[in-house]
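You will see two complexes here that share chain A, one where it goes with chain B and one where it goes with chain C.
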Partner chain A sequence: MTAAVFFGCAFIAFGPAFSLFIFTIAKDPLRVIILIAGAFFWLVSLLLSSLVWFIAMKATNAQDLNLQKGLLIFGCMFSVILQEVFRFGYYRLLRKANEGLAAISEEESSPISVREMAYVAGLGFGIMSGAFSMINTLSDSLGPGTVGMFGDSQYYFITSALMTLALTLLHTFWGVVFFDGCERKRWWVIVAVLCLHLVVSGLSLLNPLYVGSVPPVYVIMLLMAVWAFFSSGGSLHNLSLLWTCRKSNAETSS
Partner chain B sequence: MNTSDSEEDSYNERTALVASEIPFVPSYQDQAQPTDMEPKRRHPVAPEQPVEPPILDRSAVEREPVIQDDEEELTLKYGAKHVIMLFVPVTLCMVVVVATIKSVSFYTEKNGQQLIYTPFTEDTDTVGERLLNSVLNTIIMISVIVFMTIFLVVLYKYRCYKFIHGWLILSSLMLLFWFSFMYLGEVFKTYNVAMDYPTVAMIIWNFGAVGMICIHWKGPLQLQQAYLIVISALMALVFIKYLPEWSAWVILGAISIYDLVAVLSPKGPLRMLVETAQERNEPIFPALIYSSAMIWMVGMANPARNADRASQDTDEEGYQGESDALARDRAEPETQVSPGMNRSYSTEEELDEEDRGVKLGLGDFIFYSVLVGKAAATGGDWNTTLACFVAILIGLCLTLLLLAIFKKALPALPISITFGLVFYFSTDNLVRPFMDNLAAHQFYI
Partner chain C sequence: SVTTRDLKKITLDVNSNSVAQKIYVEVNNTVPCVRLLNATHQIGCQSSISGDTGVIHVLESEADLEWPLTKGPNPPYMILLESHLFTRSIMMKIKKESSRIAGVTVVVPNTSPSEFSPHTTCPNENTGVYSDTYGPHLAHCNTTVWNPLGNGLSYEEFDFPVFSLKEDKQCYYDHNRVVNGSAPQYPLCAMQLFSHMFAVTDTATCMRRNDVINFSINPEMVCDPLGDFNVWGSIRPYNRSQLGHRDNESVVMAAARLDSRAFFWDVSTGAEGSISGFVTLLAAAHALRDVTQVAPPTHNILFAFFQGEAFDYIGSSRMVYDMQNGKFVIDLDNVHSLLEIGQVGLRNGSDLFLHSDPVSRMNDTVNDQVREHERYRCSLIHRHHRLVDNFQSSPLPPSSLQRFLRAQNIPGIVLADHRAAFNNKYYESYYDNADNLNLRYPPNMTAEEQLEFLTDTAMALTEVATVVARALYKQAGGDGTQVDNIKADSKTVTQMLFGFLVQANNSWFQALIPPELKDMLSDPPDFYVGVASSSPAKAKPLTRLVQFLLANLTGTATNLTQDQCQKPDDLPDESVQMYSYLWVQGTVPHNGTEKGPFCVRASVRLSQALSPAFDLGEYASRNYSTWTESRWKFIKARIFLVASRDLEMLTLGVGVAVLFSSLLVTYFISTKADVLFSSAREPASAAY
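Moving on to the complex of A and B:
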């Protein structure tokens, strides 16, 4: 497979996340730390869910393919649930840390707001999730091979990249919405995020019927983008201010 | 080839002594007293009392007790900055090692040659024998390290400075010339680049000479940092190549335990070394520590000495000045290094944010990179490498946090290496099949 595929898929999958990192996170050390800690939390959740799957897999008959596929789907769903649990755990940890930071700081307020932390934490989850999904595929795409030689889809790489991008951004939006819901004690938000995550993961089960998985996931992503925008303090007024390039007191940027 | 003793020496210095280097970071929390300064080695200095001048002072200038809110705010603000100042070089070193491992196959080829410190082969018939051999290798390696450390401490105690300096210079010479020549040769072989000896000689000569000057004498800070990262990466690559598989993992585990013991126990060699250095008010060893601080003037105890050695290596000066500044939570304004200038410590009004820096021993760089490099070398799975990388960074973050809480010398290896090992084995055995299966079906979680 060619270098064009490699670079194209790499930029599709990681371009937005990378630019978000460069422009909004790299300059602030505290955000970088929160990002990496978010990635770590996602990693731990993945570890635990793989452990569960591995035990289930070893405990059952390896020859029964349907059972193994069913176990894999179960592992998928369990992993989604565990990721959301760890997102909640990370929220609690960040809140505690935020209180500590605020107590020490002399301005009586923490150097970083919960909304910023929500965004960064979501991005951390997203980057790690995307990296784990895509990096091996990308490195394989540099090597020799023929895509779809055994009747599989030809669009494997590009759809992987597109799904990875969607998931990275979705994690970011879910982070924002989730933390906001926790802050305002709206528990239905948390349940909604969990359900949406399950839906997205479930849609990916339709692969390789890409028509059934990629467009709906992108629709969900756009809806989540709108939800996250409004829940993080955006409004149509802000948007109109942005587009007419007028500054106002209430305009928030991050 | 069997590596020579001086390589092992350099390894020992860099890892045994430096491995438990604590990056010096001001307190995150509301600890009012300034943290102690960090010598290159671990600094088991007693925490200072808030209102007394610290006992182990590295400079003759008196410390003023400082308890101020803005100090705390400053330490907090710069706590995160220090963590990033360490993340970047550690990441760079790991990136260099992983890139080399993945592209230059020389460092993953095993052709039966081993270090003389790991004489037992792992080409055995049974698993039990292999395990036994790797444990024996580890015991020998750790004993060598312990012996070298004690030897160094004894030399230091009896003021054999010339011997120590000679030893250090010899080991950096070896790294900068011989190992980089080997590395360059292998890179050329991998990419099939035709090269002639005179060009290589000129490249290596320039590289090595500038490196020696930068590390042992003076040079731009970033160049010095780059050289330290490069030699750590080279050393890590040598370890990855010459340590047998299982021995490498057991050695990594054993050396973090050794690190823990040597730093925290009262009779630990490194602790004694650091205390001796503090009593004498002098820096320990140059060129074995990565310093991220800006260069500034040194306010040394002995002005004459400072003028004499005005052209000392940046590291030493920077380290001294930095550690002093850090110790007093007073930052000096960033200035150019100019020989002969002597600044005494002033009051807190001269706080300048940019001056605080952190130091991390090269041994820590080396072992972090060995862990990540081995994760990249075995199996070829990028997920494992990435997981180890994140684990090590988080371990480093936690170590710095603990340092800020306890304000005591802490080893930098144990937490990171433990996380790294746990994540390596679990990702390799549990996560990899899971993710491979998911990727095969294109399921996304």
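Moving on to the complex of A and C:
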């Protein structure tokens, strides 16, 4: 649609991920490595699931649109399941790596805690997922035309960007919650994450009824944010601490 | 452009992912107007390098121009014109306000308007024979305006793209209609046209830039000279290794032009403008084949078909130059006289006019020759023919003869169906097609039946061809008693007219061409001269088709095998120096006995038709044609919707807001992280 829409959508979709990266990840090389490895794991899961879908699509009749739509839904769900499997696999890998890191570090413990790894791994998944969702749409938004010729909504670009933003943050929160659940052996957490992921994916299939997909996904994202905050060691007490800290700072300074 | 010529009809679908498919509709079969340059000017159309986008506006009438030019609130506009609105006044108005206009598209018409000629009123006025030193009162069409209906659009320069497309107004009616003078709502339907031309200013500039490519990192030619190949053949063959003057040789030349042009690139037909002439000459050559074997005339007869005549006589000026410099099999002193066949398809009744040059006829010898020639013709009058001598004081119409006269005073006559102004109302335009010649076939005929059907147009041209053939024979000193046996074959004429004007890919044309060229015949046939190529094998399909036609109609079939046909010098009686040997497909007759391919021996050759200005390096020459065609990367058009500026700015605003707020929040959280996320080792229930 032109450069304005390109930059607007790029900022919406990747703004939070970018700011998270520069403020929390970029300074620590270990975190960068875990981020990129996480992105790679997500990528492999996507590759495998898309291979399955591709084979299924080619093996069946390409003209039967209902069948193809069904196959797409199946592929989508299969991909979600595979992503969570890979998330679990990455968790196991990181646990093993953690022991190794603890062994070679000068202090007793590992330089990075499981919580931090959970957050970084989740962010890695989210960034890669966002990139794959959005880059190709962004490149088309640079041209002079906008979506709508064939009856699609003209808000296509902006809603794609909003969905990508939500999904990136959701992956981050799911990473935190998932690893925490694995640590404490709470298997129902893993199942819950998987189910929520399936729900979000399923909601995106409602497009172009954007009213039906974007607000519910944001509601889920907010809920997940709260859950991740609590499971990563935050509490209402800390929030009130923060508030009083600020208040006292404000009092002392004024 | 040579490199992108093949891509012309292929839609460039580089971006085939699904998002792009939701946005853009590529338009197939686009016909652009391209940039041509000569010694002093550039003409044609140009788009910006990343295409020109404009909101589509369908023009209802000339008064409706007010909306896109001044009143409309969503410039720039892309104007969609019906063909009857494609006039000089509208295009000039658009040209003046071109800041608000992204481009113009003209809808491909189904019927012809009453008259339309985008050429100038005085074709080739600066490169003909009349100038300030030769017949100044006749120069620049002072006495006779040949093409009074010409509006000169082809020679104007437009800095926006002009395309010719099939009608598709659905998008406009859905989104862009102006209701009660109020502006339509976004999103609006828009079109983007790409036709960026590399060459600028004039031929000298672009040729200089071509020469610089040896030193640049990214060598790209910017323009190519126009040109092709002339086809010539003779009754008695000439040894092609003997060039220059031949002693005691006096040749009667007969000439016609092959090419034509239109405002848009590569869509010209020239039914009356050139086809009527060269088909007549081919039929006359065919008629002379038998009688010249039986009773050969004293002089040789040379048939010449010139390419590139629409662009300041490229072909004929090249042949004259070659003759002057001893690079052709004969030279100008060998030319006895020249008979040229101009536009002969639209005769009023049965009148044929003989045009000659009054200035050259002031020389008595020339005058006598011309009068002789006319006498021959008048003596050939059928009962229903009238040959009118037009020599009083009217100049020659634009014709190849003018280039011969520039070099040497040669007796010559141009045969035409018009006394003064052309009868052709569509000179050098897209509408000069079969309808212009009244070529009609009865309904419900298959292509093969139409091929054989004798149309009235064909009969008329056959009569002219008979007259031409007889006159040539008499002029060449042939036996007077044989003259009445010379008759042009109307079946050949009607087959040629069908092939050139209706469907080139027919069984007769297929039989005449070699097997490796059988895909060369594409429809619709196109007669624009195009850019010059260096080897005869790459000559334009039209030129090669005329070459094979002339070979078939004047040559002889031989019994040589394919190998012998390619290397005839091994045989004692054959000589590649004298004849050309062509292996052609031949026909498969209906009764099943396969005739198959055979070898044709004919004294038909191709000679290069590239303006001497390019060989001499005189790119700003006033004497020779200096026309070049610009190169381009790709030419395409696409339609899509555009969103309002407000929505775009909203998106950008939301994006910037999201980015800044996320930066702030993240910074804040990361500095307070130790407070917010207390360590996991501390019991969560500790009270503070």
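Basically, the second predicted complex is superposed on the first by the 245 of 254 C-alpha atoms of A that agree within 3 Å, B and C clash if a C-alpha of one lies under 4 Å from a C-alpha of the other, contacts with A are read in each partner's own complex, and residues count from 1 in each chain.
In this text, a residue touches a chain if its C-beta (ideal position, glycine included) is under 8 Å from a C-beta of that chain, and two chains touch if they have at least 3 such contacts.
Everything numeric here is computed off the predicted structure, so don't read it as measured data.
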Chain B and chain C placed together on chain A: clash or fit? fit
For this session: Name the contact category of A:Asn238: first (chain B only), second (chain C only), both, or neither.
Result: second
Does chain B (first) or chain C (second) touch A:Thr146, or do both, or does neither?
second
Which partner chains sit in contact with A:Phe18 here, chain B, chain C, both or neither? Use first/second/both/neither.
second
First, second, both or neither for A:Thr168, with chain B first and chain C second: neither
- request: Kindly classify A:Asn207 by the partners it touches after superposition: chain B alone (first), chain C alone (second), both, or neither?
  value: first
Of the two partner chains, chain B (first) and chain C (second), which one does A:Ala10 touch, if any: first, second, both, or neither? second
Note to self: With both complexes overlaid on chain A, does A:Phe132 touch chain B (first), chain C (second), both or neither?
What the structure shows: first
Discussion item. Under the stated touch criterion, which partner chain does A:Phe157 make contact with: chain B (first), chain C (second), both, or neither?
Written reply: second
Distance floor for C-alpha atoms, chain B against chain C, superposed on A, in Å, equals 5
Both chain B and chain C touch chain A at residues 136-137, 156
Chain C residues touching chain A in their complex are 15, 17, 19-20, 22-25, 51, 53, 171, 187, 190, 192, 638-643, 647-656, 658-659, 662-663, 665-667, 670, 672, 675-680, 684, 688
As the complex stands, chain A meets chain B at residues 29-30, 32-33, 36-37, 39-40, 43, 46-47, 49-51, 53-54, 57, 69, 72-73, 75-76, 79-80, 83, 100-101, 103-106, 111, 128-129, 131-133, 135-137, 139, 156, 159-160, 163-164, 167, 200-201, 204-205, 207-208
Chain C partner, complex, touching residues on chain A are 1-2, 4-5, 7-12, 15-16, 18-20, 23-24, 113, 115, 136-137, 140, 143-150, 152, 154, 156-158, 161, 165, 229, 232-235, 237-239, 241-242, 245
Chain B residues touching chain A in their complex are 28-30, 69-70, 72-73, 76-77, 80-81, 83-84, 87, 381-383, 386-387, 390-391, 393-394, 397, 423, 426-427, 429-431, 433-439, 441-445
